[in-house]
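Multiple structures are listed underneath, in structure tokens.
Same chain, two partners: chain A is paired with chain B first, then with chain C.
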Partner chain A sequence: MSDQEERISETTRLGLEIVKEAEEDRLMTLSVGPQHPGSGHFRFTVKVDGDYIVDCDPDPGYVHRGEEKMCEYRNFIQNIPHLERPVIHDSSNITYSYSLAVEELVKIDVPRRAQFIRAIASELNRQVYTLYWLAIYGIFLGHSTMFMWPTGDRELIIDLLEALTGARVTHAYNIPGGVRNDIPYGFKDRCLRQVSYFEGRLKEYEDIFYNNPLLRQRTEGVAVLTKEDAIKLGVTGSVLRASGVPYDIRKAEPYDIYDEIDFNVQYMKTCDSFARAYVPLLDMRESCHIIRQLLDKMPESGEVRAKLQPNPKGPPGEAYRRVESGRGALGYYIVSDGTPRPYRVKISVGSFRNLLALPHLLVGSKLGDMPSVYWSLNYWPVEADR
Partner chain B sequence: MTTPIEDFRFGPFVASVVWLLFWVLIIVTVIVLPLIFVILFYVPLPLVNGEVLTPYLFLSMMIDPTRTLPILNFLIYTEFFRVAVFPGFMYAALIAAATIFIERKFLARMQLRVGPSHAGREALGTGFEGLFQLVADGLKLVSKEIIIPAGADKPIFWAAPIAFVAAAAAVVCLIPVAPGWVVSNIDVGLIVAFAIFGFFPLIEVLFSWASNSKYPFIGGLRALHQLIAFEIPFILSALSVVILSGSLNLTEITYAQSSYWFILFLPISAFVFFMSSLAELERIPFDLPEAESEIVAGWLTETSGMIYGLIQLGTYVKLYALAALFVVLFLGGWMGPQIFPDQLGPPGEKPPLLQLLTLDGLYHGPTANAIFWFTAKTFLMIHLMLLIRGINPRIRIDILLHTGWYKLIVLSFINMFIALALIYGGVLGPGGLLTPN
Partner chain C sequence: MSKSNGSPSGNDKGDVASIVASNNDLPTTSVKQGETGSSIASKPSSSSAVKLKSEKTDLPRFERGIVDGLVSKFGNSIKIIYIKPLRIKIEVPPKDIVEVAGHIRDESGFDHAESVSATDYPKTGDIEVIYHLGSYTRENLSSHILALSTRTDRDNARLPSLIKVFKSVEYHERESFEMVGVYFDNHPRNDRFLLPEDWADIPPLRKEFRIKGR
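Moving on, here comes the complex of A and B:
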């Protein structure tokens, strides 16, 4: 390279740098979280050009608790109470797939009545989680009534679950071999009454929140996640179903008695922010139908818990089972070396998969849409960090 | 909703009453009396019963009620009373305080909650729980430390909240509450009101710039965009009122509605004015400058302690001012059916003490009527503005700008043409069909 060429390339480089600096000056880097009211235990930095987001960098890990490592120091039963900590609002579902995987390893048959009770608990818990999610979605959009209503209705379901399990949020109810104890007297009637009331409330939610023109204006057609992108990014749960893929673990890989239950997979084809906010409501409505059927078909009496040896252990091997939680597929991969303690536990959560879509959706959308897009992904920071 | 007082005991109750009386006496002697004297020294003193009223004579009114009435009559018609108490700041601040209480209770009922339920419960018995929540909040804000961010522009950071309250209170001065009861009755009152409203975006941008922080900066820019976008429909919607009434003086606009309220002819303008005042107030659905989930607290992010308290006070005084302006422009101001009698009781000789207690001599029937109707209508408007907050989410800035610059301007133009047609069609205006003689 001659001197002249070198000098030219040097000037171009400098020129480019000046242009780049000018571009950088236009951008403002905002740090959202972990103390930002719109983030939760989670941080992401966004770069905004005026009102448009041009870059987004999620930074999870603020509430990493080492759940997987903790599992290796406790036996299969002792793991239950700490495993539900990542999502205490959905604690029946997060212990459900763990129980299924352990049952496969230890080779236990769950009594039929226990399977029904498990499913009822997990459906009720799905509603509790989704109501909590909906409350936060409401306040993220500045709708204070939509924060108070689901929070209030959630209390009623929590009371019901308290009667069933003995604890308000952290139930530790689904255990390997069945459920901890039988349903209390009069639970069936109480549950049916609650479901009927709740279905009426869902209509009111729709009236005051989902049919509000202002909400529709700002969420419809925003942050579209196409079917192809959704599959490519590997999102699950309501986010996947909102992108037009009718995929539900309860239908695709039915566990326990879900193959005997008649229900539809709710999905929407609009793929936008509104669809992602609306599909959980449809899920809650479907969940009410499922609870009715479960209560109807449940055997009147019988065992609810299989007999286990004090320290259950199975032959060396591995198991992977997953369930449909409030946020999507929630799977456990457990390796056993023949001892009462698992050799390795890997938790695959829907939240972390859905997080992958966040930079994809935020880039190009407006700053005002940031909270609604972020929370429509059905992302629970504590679960993603595990 | 009523909660009984638990553990009521008579002894501590009497002790608390004595304690209260003690403090009231202390405060009266140490603060209130000297204050009255200081005020009386600066007020030009009138002749009462042939002698010049001195502060020492003023004390004697406590013993002789016949001397009190002339003094009170004189005080009420001073400029100081107007600015500080009745149509001015204290009246507005009282309405603002009542608004905060009503807003909390009302929203709570809407959202299946109880609302503030402890402060003031034991002071006034059952049924008034939560009444003193505002006092508690105020005391808390006063006692908090004011934190100024590093690198902030201190003079502007201090001045902006005070300017905010001052600008809000300046609008209150223009509002005619009853015939003759207005702080400044000027011929271009409406224009002055809009000129003062033009200060708010300036104050907010200055404050957010002075905060030296990113979120306030975004909030300030949003406030600037929003307030300017809604300024024009705001002014245009009031313009059709000016076309019908033929005056910019707010008192004359009120008198022009003595037969018909303008909302009958200008419903679209009233709607536009209402929406614009919501945007002007930065209330939901237009609370983008303070959108908490997007930009923390917007331009208020760096406020703390009494700086925040002052801005909140200013916001609620502004809420009163805008509701009152709506009432004056569209709902006929103080006009309403007469419900108070012209005089209290049969005229005649009464014992002086009774005369003072019934406020005979101070009482004026039409004024009491006007104040009642004006306050009632203002509260109705404030209630409507609060209702919006319970049912709507926040909207986005581009939708907001589109609404302001495009939809509302077109709507206000439509109603302006309707107003012109009414004037030139001979329905309203001088010599019109519906004009009262």
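Moving on, here comes the complex of A and C:
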């Protein structure tokens, strides 16, 4: 027998063994991702028994870039652009909590007008992220209109943000001490017009997508995450609020001027996949109210940026600050040793925390429910990997 | 709850005040709201001496109540690092951490971990692991973060896992294992998570790991 024949017979023998084992315990292992279009840059393996998932093992890390290590080599200001990379669609929020933590360490007072402007930027950015997520959620439930509409409407908000910050997605706008530049001429009217248009569109989204009987059948009562489990797993953001916990960092620990804004925390008590998809829509609607109030209460003139030293540094110490991002609480833990560079930065992101709910929800579900469950978790692989 | 039955002795209060006053990291004034946050001067004062004095006398009462409850239960094993408005940090030895965490969950009301981060300190030869604990169930704690920290030797970094107390630490502890190299006893999986499967270097968040060219 030649070498080649030997190898083939060995391979056949191994293959037969695997088939035999599979027949014995009836389980099949499926690998989803990282090239699967439904998973993003993320891989997880599921074991199925017939139609039902009996085991799930997430394997993130395909887009890990070592953001936390990179922070230790750059000073507080240089860190801003690369910290946006994990969520370029929500870049104002991911730099917001970083700025808050640095301001606490370096002891910077932010001008009042700047606080309003960066709250507006982060509200608009949260809408951009949520629309992007909604588009993907729509297409993976087979609803191609729900891919087109949010993608198109997202462009309008991106244009608005481009006028404000100069960049389409990676703004580097929220910085320690305020915002990078003042709002352009005519921004307020343009923003109000956009908000009015967008509120009308949200009504249409609801009609065509959320009231669609097919969507309801595929999501209602699917993958229930009870309130107790949600608290135990420590999930955050829309996943938590869909499980009946009215918790929003903007309300729980108001940062900047959010304590002057009148808004309600949007939550639902049905705890299923539909609730997790519907709460972001409610959030976007509430966000429109918030933007109106912010524009109304914003001081007409004033500083937008506190003067910083060339290499800002504070006394040794540490800070933990968080904001509400599109995917939930986004916290920064920064340790400073008194030098201009942070000693240690830990980014606690919503996606990484919500990942724990994925095996919890998928085990026991049908394989066909996998896309609706996975995307309802509002999971952004790049952010989770950092 | 600890805040109501804590009723600390005068000695305890003195300890807390002296520790906080001696800490470099004094309470900042940027946090505006909270149970007691408003008692701290809302405008930053220009003179640091005035600031120090006012903060020494106006220790956040609610936060101190939480800590006093823990101190009265566990005594000397709890070391208070700081008490700021909305933020508390305590340090406990590794042998007590599971018990203290259980008490924090059941009595103090912090029900989940937001973040677990390990920091390498080569100068002192140890690694600090911090659990940032928050609360969803108690409304008066929703804005508070309790940082529970512990230290272990960096040459033989082993700590008991808190997974039995807080399920939410599971992936965070796994991340700390591979990034800083802290082995968590009783954790179901101390293995690769974010790093490549063939990673053969030291844990990358240790200080002796250098990025190429830097």
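The working rule: the second predicted complex is superposed on the first by the 361 of 386 C-alpha atoms of A that agree within 3 Å, B and C clash if a C-alpha of one lies under 4 Å from a C-alpha of the other, contacts with A are read in each partner's own complex, and residues count from 1 in each chain.
Keep this in mind: a contact is a pair of C-beta atoms (placed from the backbone, for glycine too) under 8 Å apart; a residue touches a chain by one contact, two chains touch by 3 or more.
Predicted, not measured: the structure shown is a model, and the values here were computed from it.
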Touched partner set for A:234, first chain B, second chain C, both or neither: second
Partner touching more residues of chain A, whether chain B or chain C: C
First, second, both or neither for A:55, with chain B first and chain C second: neither
Partner chain in contact with A:315 - chain B first, chain C second, else both or neither: second
Chain B versus chain C as contact partner of A:245, first or second or both or neither: second
Residues of chain A at both interfaces, chain B in one complex, chain C in the other: none
Chain A-facing residues of chain B, complex: 107, 110-113, 214-215, 218, 284-285, 287-288, 291-296, 389-399
Residue ranges of chain A touching chain C (in the complex, touch as defined): 59-61, 64, 66, 68-70, 73, 100, 103-104, 107, 109, 230-234, 236, 240, 245, 247, 252-254, 259, 315-318, 320, 322, 329, 331, 333, 335, 343-344, 346, 348, 352-353, 355-356, 385-386
Chain A - residues contacting chain B, complex: 28, 30, 36-38, 51, 138-149, 152, 208-209, 212, 214-215, 217-218, 366-371
Chain C residues within the chain A interface of the complex: 24-25, 28, 30-34, 44, 86-87, 89, 111-115, 117, 119-120, 130, 132, 136-137, 142-143, 145, 147, 166-168, 170-172, 175, 179, 192-196, 204-205, 209, 211, 214
